[in-house]
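Pasting a structure below so you can have a look.
When the chains are written out, they are named A, B, C and D in that same order, and each has its own residue count from 1.
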């Protein structure tokens, strides 16, 4: 092999090796750029267009947006998602933290209990919704069971009560996600330096005070992650509502996700549907982008 | 970023030929529909058999769920991708929407041969014609201002068939006082709207119905008459049971069948449930026009629209299909199974059951008196966007303590919002 | 091992209360599953008369058989078995392909970094947090254009595309812990891009493969939104069929059949969860927290 | 002709220049140690020799061939990494043989080679184990085996001993030294530990801030440092650096140093000519601790001994030696005395200065004056 030819050959191989990684990444990036960002752009454009049954690219400015904000159902949807998210996030976080702390007391059957608390997360929202719909059905479920057990004045008709139906969705959603939040907190608790706690004990602090003053403040990153994940789950919630209440009674449990689906697919209002979807994206992006930014900017290069 | 844009371009080059390679057309007709329940499927079977006799293969494309919502979504993606089915089952304003987009075949020739413009009622022609051309073949006419009653219960409680709205409420009260459910009620938006349009027609009359729900006049929508209609709806709702939320219409019908409830306000497809239970009209159960709406009929009609095609064979099939649907024999046979009445006004009602005979006569009279009007709940009064806006308000009203004045105001606002 | 303080031995009462609370919660968490299971073995008559919490007086398998083979969903009365297999047809290729994408992406993003690799990762990652409502409309159109609307193939594509974010995250975080010197050593040894991946990284990726597969399997199997938006009729996945079964009625609501069908839809993910719970948790965690 | 020639090699990352033109030449069989504090660019330079980092400017030649842009696997180079970088999923034998496998060496030959190397490193019993089952020292051996089996023209070591505990580090150091002598291999070795550099190297390159400070034998670098940095970096305890003033004392050139209460006059014998120009100016004197000692230990044969009595500030016995600290020119100065020398803190004691080993630096440029 002559000197110069070998050099040329090597640099060709080096160039190929330098390109290969980008080439391998390219399909994923292309897919994501097209199917995520391209679609976001498309939907954003549609929200400013005259689209109704089919896409119509005539520009109509903010017409669809003002129709969205003038819509009666959208008001209900926003109110519902606000109530739902708040209750869901707060309940899951508090219950999850409580369970994690209780489980962290050197419990005998910890593995088993953990499994029980966590299994709902493995279920589809559709299954969860089906089960809870049946469970809370006033005619046949919990209410009837209580009556049969002798508590005849017991009344639980939330599922079909327009004012209360959203809370039944919260109950089912909390049931599903609490175990997951518990697992996050448990991992956080196990990561805390034991010597610090020993030091606090030697200082004579009671157990509850150790938790309140020393341990829980250290779980701040877990709180942040839990809230971000739960908020993102809440805004995306669609399946559970469809399976449990179908958005009803009436439209009492409509949320932005079901609103969008119904406007896009049954009301021939693609423009409004697009506007509502863009709004949802904006809310999630406001939550997620700073989170991702801080995660990615981190010390790892 | 140039790398990425090149990749995207490349991907486009790979994907586009794929997209253009349309699948070959089979020698069948492909009919998209959402007739998935027993009676409906049987009725459709009549068409299938008729076509089979003519040597035309049948590729059923039933899309279940969502009362046609899913079917419309599928249809949209098929049309958008340039691969529409031969024909599709469709309701009211949706047919117009497709025609507006110039996607439908012209059925003028068949219509002329069979003289459709003479035999179909004018109100229905509004939807089967677009810009003077025929775009759809109607299967039947359903009407929605029917009350279905439990005969045994009426006899037991000494209730006569009510003639006026007040009689109607009195009868419901009697049943309620005796421990029965007065009104069998299904709590889904379209059912709320069905009852609502009955109440509007009963309290405001045919002209008001037309003004408010078809012409969508803002003043009519927020008028005192509309407030009164909401008041009457509120009163009517006191006779339903508390567990009605989300109930399907046929489960409500079952309450009447099983002697649990006295009346149900529902379209004539409810008759199928009585048939299935082995009950005879006018003997075991009664049917009558919603009190206060006599003389007028709110209707809906399934029609088959055909999609434009360049395939001469498919064109021929489409015309054969349209011809078959509009043939007198088919119209009668179909309605027998579906519980409806024929869309043609020139047929003999002999072969229909008692309720349908009565209904057919009433439809003809209403058509002559220009009191045959599209049902709002089924997309024959206003476009889907308006229809659903009305659903929103009515359902909210039904499921809350909203007062009638607010409801009327919100209704006018929602309709305006959806119209613009 | 717990790091927290052991409770003093002197008083037993706090321990008893602690266990009582934990057991009450466990009962609450198990209740819906218990009710689903018992209901699915009861006859309809027993459901209407009896107590929801009681065990079946007459155990019957009929609801299960009916849910599997003969319950009516729309026009077809073939039960959910066909839809169950649809889900399997979707889940296997979707999981395998998206995991493969994720593995390669994670490999490139940690071991073959280039300018802007963080931006690329951020772009990919953000894709798993978007509300999918925003892509429903254009996706429906693209599937139509590609002639895979209303097919399981179409759903496979959708799940691959929107699964890449998470699989990339998993593999990236895992390969991040692999020393870069390993790659350099292999390069000096004469291994190229693919050899390094297949011979050195992949054989050591067992744990993360399990996590990714479980995560993707659960996500794809449990999906409803994509299924209901992009398929219908006989091509729908099992979750959509379950919803249609439960919410469509032909006279009487067969709650026992509904519950049996729900169990069918739940069993695969439950089995995975019970068999590989440890990895399941790890998957959930790495999907959310990293620090 | 030189064996490895690093010719004005530069490395830039964006706007920052990490290596500012390095020139190093070594011969076949040389053991070159690149030493310097962390961030000095020594690892970057090693990676550039390996081909793992690209060269921004300059040229690399190995055995006469330009290898600047040759792919790492084609350079005939083997490398031992700081973390050992053993492939976790392969056995020890697989790890050692992987490079041969990639070069398509037939299996029987490969196995023979693996066995030979394993024997040489005494890891034959470990061949079937996975890296996770090995101790630190064993992993280190496997990593070396992986390099040795290839019989490359050049071995590169990137701080290979830094992950071992102190005792093992000394043992492995000896072993690497023996290997080098036995195989007559050419080695480039990176470390931040100047003792490792001194013990192993035939040539030392001291680096700082991307610049080569001095290239030479261990003796050169230790006794004849090029500048203040090299003087301070090499040796432990490091060289005493003492402020002084150069003055002409008739024919003699002397350096005046401040003591605690007086002035000390040290005659200048080295680099007199150059230092002559500094008469009347301040300089920094450099004296190794062993060049300041007790009278009996002083090298009276070769050295030029100048004795003075100074106050003892601190005494640090290390067993073999006794380090005595006194103050000179306002700074602490370490003197290395024989163990058992009778000194007492706070008392005056005699110190013997070997002025023949005394070097001097310019306080501004920090360069050696010679």
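As a convention for this text, a residue touches a chain if its C-beta (ideal position, glycine included) is under 8 Å from a C-beta of that chain, and two chains touch if they have at least 3 such contacts.
Keep in mind it's a predicted model, so treat the numbers as computed, not measured.
Participant: State the smallest step count from chain A to chain B, taking one step as a move to a touching chain.
Facilitator: Minimum number of steps from chain A to chain B: 1.
Participant: Contact counts by the stated rule: is the higher one at A-C or B-C?
Facilitator: A-C
Participant: Return the chain whose centre of C-alpha atoms lies at maximal distance from the corresponding centre of chain D.
Facilitator: B
Participant: With chain centres defined as C-alpha means, what is the inter-centre distance between chain A and chain D in Å?
Facilitator: So the centre of chain A lies 57 Å away from the centre of chain D.
Participant: Nearest whole angstrom, what separates the Cα centre of chain A from the Cα centre of chain C?
Facilitator: Here chain A and chain C have centroids separated by 14 Å.
Participant: List the centre-to-centre spacing of chain B and chain D in whole Å, with centres computed as mean CA coordinates.
Facilitator: Spacing between the chain centres: roughly 92 Å.
Participant: Please tell me the distance, in whole Å, between the geometric centres of chain B and chain C computed from their C-alpha atoms.
Facilitator: Those two chain centres are 39 Å apart.
Participant: Listing for chain C: what residues touch at least two other chains?
Facilitator: Residue numbers touching two or more other chains: 141, 228-229.
Participant: Please set out, as single numbers or ranges, the residues of chain B touching at least two other chains.
Facilitator: Correct list: 70, 73, 76, 80.
Participant: Do you know which chain D residues sit against two or more other chains?
Facilitator: Residues: none.
Participant: Tell me, which parts of chain D touch chain C in their complex?
Facilitator: Per the stated touch rule, the residues are 47, 50-52, 72-73, 77-79, 81-90, 98-99, 102-103, 146, 150, 158.
Participant: In the complex, go through chain C and note every residue touching chain A.
Facilitator: 2-7, 18-19, 21-22, 25-26, 28-33, 35-36, 39, 47-48, 51-53, 101, 104-105, 107-109, 112, 114, 118, 120-127, 129-139, 141-142, 160-162, 164-165, 168, 176, 192-194, 218, 221-225, 228-229, 239, 242-243, 246-247, 255, 258-259, 262, 265-266, 269-270, 272-274, 277, 280-281, 284-285, 287-291
Participant: Per the contact definition, I'd like the list of chain B residues that touch chain C in the complex.
Facilitator: By the definition above, chain B touches chain C via 15, 18-19, 21-23, 35-38, 41, 61-65, 70-71, 73-74, 76-78, 80-81, 83, 248, 250-251, 254, 273, 276.
Participant: Chain D touches which residues of chain C in the complex?
Facilitator: 179, 181-182, 184-191, 195, 199-200, 203-204
Participant: Which of the residues in chain B end up touching chain A in this complex?
Facilitator: Those residues of chain B that touch chain A are 3-4, 7-8, 11, 66, 69-70, 72-73, 76, 79-80, 94, 97, 101, 187-189, 192, 242-246, 383-385, 388-389, 392-393, 395-396, 398-400, 410, 413-414, 417-418, 420.
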